[in-house]
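Below is one structure. I have some questions about it.
Letters A, B and C name the chains as they come in the text, with residue numbers starting at 1 for each one.
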Amino acid sequence: MTLQELADQFGLELRGKPDHLIDGVGTLMRATPSQISFLANPAYTRELEKTRAGAVLVEAKKAERCPVNALVTDDPYLTYARIAKLFDPRPQAPPGVHKSAVIDPTARIGKDVSIGALVVIGERSVIGEGCTLHPGTVIGADCSLGKGCLLHANVTLTQRIRLGDRVILHPGAVIGADGFGIAFDKSASNGGRWEKVPQLGGVVIGDDCEIGANSAVDRGAIEDTVLEEDVRVDNLVQIGHNVHIGAHTAIAGGAAIAGSARIGRYCLMAGRSGVNGHVNVADRTTIGADTNIMRDVEEPGTSWYADIPAQPIREWQRNLARLFKLEALNRRVRKLEKSQSDSSAGEIDEDE
Amino acid sequence: MTLQELADQFGLELRGKPDHLIDGVGTLMRATPSQISFLANPAYTRELEKTRAGAVLVEAKKAERCPVNALVTDDPYLTYARIAKLFDPRPQAPPGVHKSAVIDPTARIGKDVSIGALVVIGERSVIGEGCTLHPGTVIGADCSLGKGCLLHANVTLTQRIRLGDRVILHPGAVIGADGFGIAFDKSASNGGRWEKVPQLGGVVIGDDCEIGANSAVDRGAIEDTVLEEDVRVDNLVQIGHNVHIGAHTAIAGGAAIAGSARIGRYCLMAGRSGVNGHVNVADRTTIGADTNIMRDVEEPGTSWYADIPAQPIREWQRNLARLFKLEALNRRVRKLEKSQSDSSAGEIDEDE
Amino acid sequence: MTLQELADQFGLELRGKPDHLIDGVGTLMRATPSQISFLANPAYTRELEKTRAGAVLVEAKKAERCPVNALVTDDPYLTYARIAKLFDPRPQAPPGVHKSAVIDPTARIGKDVSIGALVVIGERSVIGEGCTLHPGTVIGADCSLGKGCLLHANVTLTQRIRLGDRVILHPGAVIGADGFGIAFDKSASNGGRWEKVPQLGGVVIGDDCEIGANSAVDRGAIEDTVLEEDVRVDNLVQIGHNVHIGAHTAIAGGAAIAGSARIGRYCLMAGRSGVNGHVNVADRTTIGADTNIMRDVEEPGTSWYADIPAQPIREWQRNLARLFKLEALNRRVRKLEKSQSDSSAGEIDEDE
């Protein structure tokens, strides 16, 4: 494509040669003259100045520092995301149903699907128009997929799972395993044992959601587990039974949300963050890496942290030893305060 | 079923209409007059008072606050677990062996099994009577499954894995991958390299165990990794080689147990808790969320924590800065103590 | 094998009977007279003294405490690793291509491979000589595997993944899922929504790497995600897009490395450790369990920690309460200091 064509298609201001040809994308450091790059993070401005890319997507205020053709946009990263789709080198999955797929006669398959080798589709499940299912994916009974869903290889949908349109599930994702419901039978003869609580709900996943590799979304215990539209979930994330996640929330790798938690819309959960069971989190909450929300967050738009950055081992050991003597340190300070108070005058404690 | 039938079958006291018909379960808030619900958590007592359920399982002391038919039981949640099994809407897996399954001729398959599409069963493996294997599950060589096991889709058993009776494995669970055994060869010419240590043990999983989606239980290095009976494991849990877990222990999502740790009976491990390698944990130990046990726990029945609840970002940053200056703070207090001691009298330090 | 044969093959000094026969390995406590054991950890010296093994691999300084035949070596664990390979009881995968495998006609399959039941191999992918692929593994288009790779069951390689020689992937590992790339479109009519950023890079995994069960290595956003040779990765580990991991680094279970982080050579990452996005970690860095590296580590060979050992619940609650009042405690100490300073003389604060 020429730069002029890109400018026209995406509504960009072109500063440079309209007929310059682009056939791919690249980083500022490595893009060739036939590739387009972008500057989103100001930390890379120096790389902009040295780039040999065919063109760079930049904000207006950075455009004059661009040594090559510039395509000016308010949001270079977003524009890059859209342009890059034109240059995706990945082969399209072949149309039709692979002869090795095992599809129950009662399943209904929409038009223009691509169903790969050794896919299994269970009784009464419905696959919407334009869906792509990669090899080894297993869809149980009574599931429904909207239009244009993309299920990568070795995904599992158990039973009664409903996906909206354009949902993307990455390899190994498991949707609808039983939630962790066990009741302790203390009267059992051997001192007590666990009784499994049937998990009778389903999972409902809204339009444009994406679930990462080897993540798990459990089915509800009685009612459904729900992800509203455009929820974005990274790899190895655990979402427990009856969790409800509001639209446009993004959840990074290794996060875990315990049963019946309710997460608002437009929340951001960083890597390995967590939310306790039955906790409510307001809209637009940010939860830092390795941080667990243990009580309701009621005010929208707040940020929560409890991460401890790594320390050199000796410093950490010293601080840790002190941490475990905080109670004693507090007593020592109180004693000093009391002693001073006795010797000078009665003062009010700030503490306790 | 009528309420009288439920009362008779489960030994409950009925306060209400014996011939009221029940055809399913529901939450207190949403159950319809043909569904049964339960009150286990006192926090939901208000919902009890507003319920429209056909009947509610309640303790005697709450029964009079139940506005509808009541079935009185000492343990409503446990009774619910048992009754709910009657109303599980999930279709039974079809009996027999699907024609696309690949079963080694030397494998032995018990009676009344359901073996789904594209299941693989390796040499000399034995599948007990009444087992259900969902599509895509792979069982390697020399495995044995007891009676009535349920393996969901895309489960992997490698080789020489032994499951007891009624074991449940959720999708993506991997039983018997190699443990993380590597020996460093410092004499290698290039400055050292890793040598893989063969993992020659197996895995033994007792009766009534349940392993969650995408969890992993490694095979032993020399001897076996062992889960005794009725161990309940949630999703995305890692259990290292040669771990031994006592009967009736429950382990929530994202927990990790390092190699050769030994966990007692009736322990509770909360979400993302952990136990270090070679550590022993006594019976009936509770380990809190995000808490790691680093040394032996010798006394049974104790509770251990190290979780830090999330804080608003500014408060956390301030406290964190202080945490990293605890050593300095301690010195300042010592100086004050010394100064006071000099000015008044010799006192004994509480610290050090 | 006789002990003399083992001594000759591995260059060991034999103290004992040359013609003693060994047919397996065992632990010091349980090895039988036909098995060989080893003493690597001095904590087990007592077990050495009681062993009934046929022979024990020991360092010279421990050899005289060995009550049975001794094979003397500088590094018993490394020597054990090599000897144990002789006694691996696991059946070899059958040679050839299973008839149920689905192999694209454009794929190229090397000599002496073992391709199991229901394996899928996509367009133009190349499988090197001597590779073993266990059942249910899916390899997408344009992948290449070097010689002697071992892919266990239900592994997924998406597209354009390159494995070196002798790479081992454990069950459920996912190589090449899309990285977590999303751009927020704040101009969208409904208050903003996410736009997926295409993930166009691949994954390159060097010779002798090993990736654990249910771990995930994401494909790069533009360039490739890279693991150099001999990187050893345990189970349930997340490696984000464009991460670069140096040769001989070992990463234990549950660790997570965020996008574009760069880890040096010979690093050790303990269980559930982490590295933030875009962070650089120098060679030979040790990262403790549950510890997150949030800033560059520039000096090679350092150790970093932030783990908090579990405490009995009451002690932890008390210390935690104090932790959240550290700011107040600091103010109280300052007040005491000021008061003393006023009463005695002007002193310089150690703090701030």
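Just so it is clear, a residue touches a chain if its C-beta (ideal position, glycine included) is under 8 Å from a C-beta of that chain, and two chains touch if they have at least 3 such contacts.
Keep in mind that this is a model prediction, so the values were computed, not measured.
Annotation: the chain A:chain B pair of sequence copies touches via predominantly different residues, less than half of the used numbers being shared. Overlaying the C-alpha trace of chain A on that of chain C calls for a turn of 120°, given as a multiple of 5. Averaged C-alpha coordinates put the centre of chain A at 24 Å from the centre of chain B. Counting partner chains per residue, chain A shows two or more touched chains at residues 118, 136, 154, 172, 214, 236, 254, 308-309, 311, 323, 326, 329, 333, 336, 340.
If you check the complex, the residues on chain B that touch chain A are 25-27, 30, 75, 77-78, 80-82, 84-85, 87-91, 98, 100, 116-118, 134-136, 152-154, 168, 170-172, 208, 210, 212-214, 230, 232, 234-236, 248, 250, 252-254, 266, 271-272, 289-290, 307-313, 316-317, 320, 323-324, 326-327, 329-330, 333, 336-337, 340, 344, 350-351. Chain C makes touch with chain A in their complex at residues 102, 118, 120, 123, 136, 138, 140-142, 154, 156, 158-160, 172, 174, 177-178, 180-187, 191-198, 200, 214-216, 218, 222-223, 236, 238, 240, 254, 256, 258, 274, 276, 287-288, 291-295, 302-306, 308-309, 311, 315, 318-319, 322-323, 325-326, 328-329, 331-333, 335-336, 339-340.
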